[in-house]
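Read from first to last, the chains carry the letters A, B, C, D and E; within each, the first residue is number 1.
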């Protein structure tokens, strides 16, 4: 029987050598095209060599499964729409743009997953055809993918990360820890928490609020925002009656609202997103007897979406104040208004706030790509994204600062009136 | 009354009964004796429909009952007091007895039978509102038999009624079994205590590894040398 | 009605409804699809020889794998073949153990051949139907083939390369199957070691294959392996000691957080990974003891719910102990603190100390350092080998534990706690040891994961993690390490590899075919992932309730082997008293 | 026979006495000290706050108990199934969720709204509740038939995994159900225009929480003064319906023949079969009842909180299952007690500890209770299962 | 001191129910003692108190000079009390050898670290344990060839025997046998009785057995204690007990007392008992 064993072993060894050296031939560069780019063009040699490639790829990495699905749908729709408008080409139609919609969530978990986001980032980094990375959706995910893509020199444009520390000093070491290469590669078209939280507190003051109770959804976005709000509210001389983190999965908040009612606030501020039960919060707030006339409700752009009104019910949501890092789609003029109409026509539904950010991110990307036609490399694209100045997009006219943040400090305040978001005023 | 024709029963791949044929006539006490694992309990379970046979036929009053689900066999008039008693520990004694009459709907008759069971086992009357699990082993055995009788069976299958009982109780139980038989219930008795079983039975079968090796009247079996040696402990 | 027909009909109805609903608007197309799926159902239910069945089962997985990936990465077939061959042989030998070397080799090769054949067929299916459907031109595909397939460039035409690839697939699958089959003929510990050695060989070849054929799947494999590591640890608790643990993620979290707190800018401590991983394991083990202690008097499912409770509490603690609490300054309010504030004294203090980074998590976490090797996000190979090394160590240690005095005590505990107690086994200590050992390996996993992802968040350690790991253990076969590994590969493979890639593929095809962007949401396959995933779990359980590769003993409970027939008599005695068997 | 009086043998022998300070005791003492040191003052503080504003305390108790009643109804579903086949039916939470979705769909379909007449509302809601309960009952029983029954003789954990799988599947069904496109297309396809109303009820975003119209009056119950605490008709209705379901179930299991058959089957399946009980049918019946309760709870919660969302089953299920265990799983009254207790604890924790700790508090108390009563509050000590 | 077990005034109450009431009970070293009584007499409760499953409500249980009431079963086993169970509780899915090895658990010393490092001492200990386990299998007449058979696949009589081997593996001073011959046929019973006697004679163990088979009890015990409803009603030599009217009334029954006389004590000295008996049909 020994004969059998040695035969087998020999064959396995042969095979492994075959696998190991069989493919040395075609390219000497270790990383060439692979995932995603094969649709039409699998042969693009290492993309960063000079010359114009036939096609390039834009990827987005957003949680496409689970409860954030509703939000990311609108973003992806908007990105697709923007690309279609450009005929899926850049450089006057010479270069084709492929778009890949990556999912950073897993079915089993039902939410974004660190390892999956890392995997997406690594795959994007290795595929030299990828020149722009739109996303991620969650600030936590950004903390993982920024360092990976930073080392690959791939530019990121996030439509929705608002954690301050991603671009500006916040926690110790931030933001430099995310940029091992020393060069900034991350941008976002949405104002960060410090702007919006403070603007909310300022607006509250303007509205004549004297005491406020603050809630957050105990997640990165909501908590950061509400902390900024609290700080600014105190600075503005408002009384902060309390600050609680809610359990976003609870079925109701009657007890919490009883508690808040006993403190008699003028305003309840909620830092969080619709999916973390903002609707229920408002509903229960009204049902324990805090009427719209007595107690105001305010939230950030995380609840600036149709779904919030639907979840809370038109009656309960009535009168809620919402801050938003830009001008709302419906109030947009010129380009914005046009886009708003187009979107409604195309998808048959109101565009959500994040749709606008997604569209803007895609616009910035295309803009930068079109400026890089001479040399379509990551480096050029990166520089051109950062050089976006006085960009006239659907959000208004704005630029990226050296941190990759939008200069759009003009925020808008909305109120739910008759079951719809109504623009009220600009806030700062 | 009951007839088994070439019954083959399996547990998974294990061939438990290898072609058993036996018959029980009206009014008899028939006993099955044999070693542990010879297939005695399996035979009862096969009759009751808990482990249906893979091959062969079971006839009860000339009706083929193999393939009828267990809960319907009870309705035909066969009830079993299983080995290890299997009373319902969290039901009261009375409720246990009521469960025995589950297939019946005549309130009057059930009450009568309950009375009969209590007369047969006065101890149970004392404990009628106690939970089954709190009874002692002997009382549980009584309850199990009483419960089986509640279905007003024409045929009673008793599986090891004396197991784990004090000698004094064993005598009592066997007396009662005889008593029940005299009241007109046919009995198939599986018993480890072969001496006792053969002393009250009319006929007996000896099972060995899933096959019947001997079948005779009880008296003849008692005198059989092989039976004496293997099951009665007489050298 | 024969079982196979029944299964076939049900599969047909099920898949037909699914396909219709999913959007194969043409009844005919849906029917054909359903018929194809139903054929597999029938095949699996037919009383075919185990060899064929094992091959079929693994082959179907290989087939799905290849169909999902081969449009973009045709070389996936080689990887599929490696895994299919080994696991088909493993499965075949579990049902029919051969002792003769040659017979073992033939059995393994046969099983591998069936599996490999299915995998190879998938290649042709992809090439014939899916590649054009996804809008990839023949030329482009040929180019891709010639670049990524070993020796592909010298063959030129796509037909030739596909043929060569499928031949290679079949060959590899058969070879590894035969090798595995031979290893399985060796009895006892040495046989186990040999099997592991072959598994190890396959695993070690993966990075080479991955690099040479540009699969870029290593980074998808790593989380899969981390979860397998977790499952191996949980297997000690659930499989060996028989303690149902629904909060295993807590130990994973503890391992990861220990690493995070000891080697990150959070507390500005940057201890060496090679030290920290041991500390993490030790801390997790201690946590296992501490969390295990109150559960000791509990039986069965009460224990399960308490562990579940811990699984919920631990992430909440990590989340809430992040400092930066809602209230700005450090105040110790005693009586009469302002009504309505969330905080009371103890919690106020806790809020001020940032132990865990809170909702922001901990990041970045230092990678391991080794001279000459860079552990970075770009280079997956060192990570992969590090993980494999940890796994090898884990397997090695668990293997030792299992056969030892402690391992026997666990088994005794699982079989009959009362009797074990009466045999002088200190049940308290034994249970705690099981918790501790289980936790140790999740400590390793946590430490690695933290360093690999370089960031951890409280949300990473949800109940769902515990559940998935438990599913892996049970699906694979309680108490059997090989089974647990296979279960892990399957579940995580479905979750991380096949389902996402299938969604991508279908989206691509639909986009190309219909040239529209706005599919109605319900027809987006991504939205069906949970359903499919759940269905896989249910079906697997229905097909093999004892797990894919059950522990030899547990297998005997359900499928008494033929060679015990001589003791039939005795077994019967037992069977009469065994409620599990009695139901048959 | 009378027991003899105890004669304590007096003469001490030279023996080794076990030390009083056993490891177990040391652990208990040390952990008590640590616990008091950490939480002693906070707990005193909590006590002080409770007394400080008794009305608020009372209000929270009432709110908590109201929540507790519906948790109890969900918990019953777990307890019934566990009692009879010893399976943690992970899918039960999802059945409850399906109940909420189904009732919301019917409400949408029939166009019930706050403006409907009282008569229409009453009949409509009762009718919808009956339909919902039927739907979830059949759903639950079919789950048992297809996913659990084939595994009845399988290893103990196999049905558990199957249940988890079903739970995933149903969650996904919940997601798809919430897609208005689906309903619009179905309406097109079948030609039944009314179906679009269901789509309307689901809103624009498939995974977002769905809103119930406010159908129950949110007004103070007249016989309770406002100054005591707020208690609305809505809450009253939830409490009344829940308690009557609970009572009905208890009476059914306790006194009816079928109920006894259920208990018998739970204790000894083979013996039940020998009694002529159709075990399969009885188990199906249990699932039917459990499913009906889950559906009723789904609708009640939908009406009470006004929300249905695809993952509502998971969280509520976790709490309800905890409640069932807390009370002693398998015990109907125990589950009810556990549900009330958890509702109460949640409310008090929200008020006095901060809601981000609430879940931790619940589970910590669960652990504590189980440490001292290993089979739950009303569980039977060492109740041997057959 | 020649008393191995000295139980004084043992009382056990479950709630309001008094299961065992003020029982004094002594076992001398090297004796075989029988404990009999009708069902529900408190035999098993008493048994469980000795083995540590229950703690006596009142009274003292002294084993070999140590108070053992309230000790955990595992500690009791370590002190030297081994037991078998009424309804065989083998580790059904483990092999015979493994069953015996588990019995040795408390006499082995390998630590966790020793296991993980597989130290030489650990390997030595394991090898010795395995050898001893095989010897034990031989000793109880099961034979080494059955070492790798799964316990539940053994014939019923052999399972009982294996249980005895497992109990012996704990190196007990006192062996408690709970209805060791229940469910056995006369042949198997005779073999087991011989084994019990041999264990006492050759290994010098003390044996306490609960049994319903009067032939066995009366045949091998030197002293018999009778419990009824938690109270000791008689104690003495088998003959004394058999003729005690209280015992006859409560337990044996009139018919049986007479039979017992006729049957006489069963004494078996089967020379073949040492060898593995083929599974009797």
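The definition used in the following text is that a residue touches a chain if its C-beta (ideal position, glycine included) is under 8 Å from a C-beta of that chain, and two chains touch if they have at least 3 such contacts.
Values in this document were obtained by computation on a predicted structure and should not be read as measured data.
> Taking each chain's centre as the mean of its CA atoms, which one is most distant from chain B?
A
> Measuring between Cα centroids, which chain is at the maximum distance from chain D?
Farthest chain from chain D, going by C-alpha centroids: E.
> Work out per-chain C-alpha centres and flag the one nearest the whole-protein C-alpha centre.
The most central chain here turns out to be C.
> CA centre of chain A versus CA centre of chain D: separation in Å?
About 37 Å separates the centre of chain A from that of chain D.
> With centres defined as the mean C-alpha position, give me the chain D-chain E separation in Å.
47
> Based only on mean CA positions, could you tell me how far chain B sits from chain D in angstrom?
Once rounded, the distance between the two centres reads 43 Å.
> What is the distance in Å between the mean C-alpha positions of chain B and chain C?
About 50 Å separates the centre of chain B from that of chain C.
> Identify all positions of chain D at which a residue touches two or more other chains, and write them in rising order.
Correct list: 53, 168, 171, 175, 206, 270, 354-356, 359, 386.
> Name the residues of chain E that each touch 2 or more other chains.
155-156, 281
> Show the residues in chain B shared as contacts by 2 or more other chains, in ascending order.
If we look for residues of chain B contacting two or more partner chains, we find 36-38, 50, 209.
> In the complex, go through chain B and note every residue touching chain E.
Checking each residue of chain B against chain E gives 35-38, 136-139, 163-172, 192, 208-209, 229-234.
> Which part of chain D faces chain B closely enough to touch in the complex?
For chain D paired with chain B, touching residues are 257, 260-261, 263-264, 267-268, 270-279, 380, 383-384, 386.
> Per the contact definition, I'd like the list of chain D residues that touch chain A in the complex.
53, 56, 59-60, 63-64, 66-67, 168, 171, 175, 203-214, 218, 230, 232, 234, 301, 304-307, 309, 311-312, 314-316, 346-348, 350-351, 354-356, 358-359
> How about chain C: which of its residues touch chain E in the complex?
397, 400-401, 404-406, 408-409, 411-412, 415-416, 418-428, 433, 553-554, 556-557, 564, 567, 569-571, 573-574
> Applying the document's contact rule, which stretches of chain C touch chain A when the two form their complex?
Checking each residue of chain C against chain A gives 71-73, 78, 101-102, 105, 134-137, 140-141, 143-144, 146-153, 171-172, 175-176, 178-179, 182, 201, 205, 208-209, 211-216, 219-220, 222-223, 226, 265-266, 268, 319-320, 324, 326-328, 338-342, 358-361, 363-364, 376-378, 380, 449, 452-457, 459-460, 462, 464-465, 468, 491, 495-496, 499-500, 503-504, 507-508, 517-518, 521, 526-527, 529-530, 532-533.
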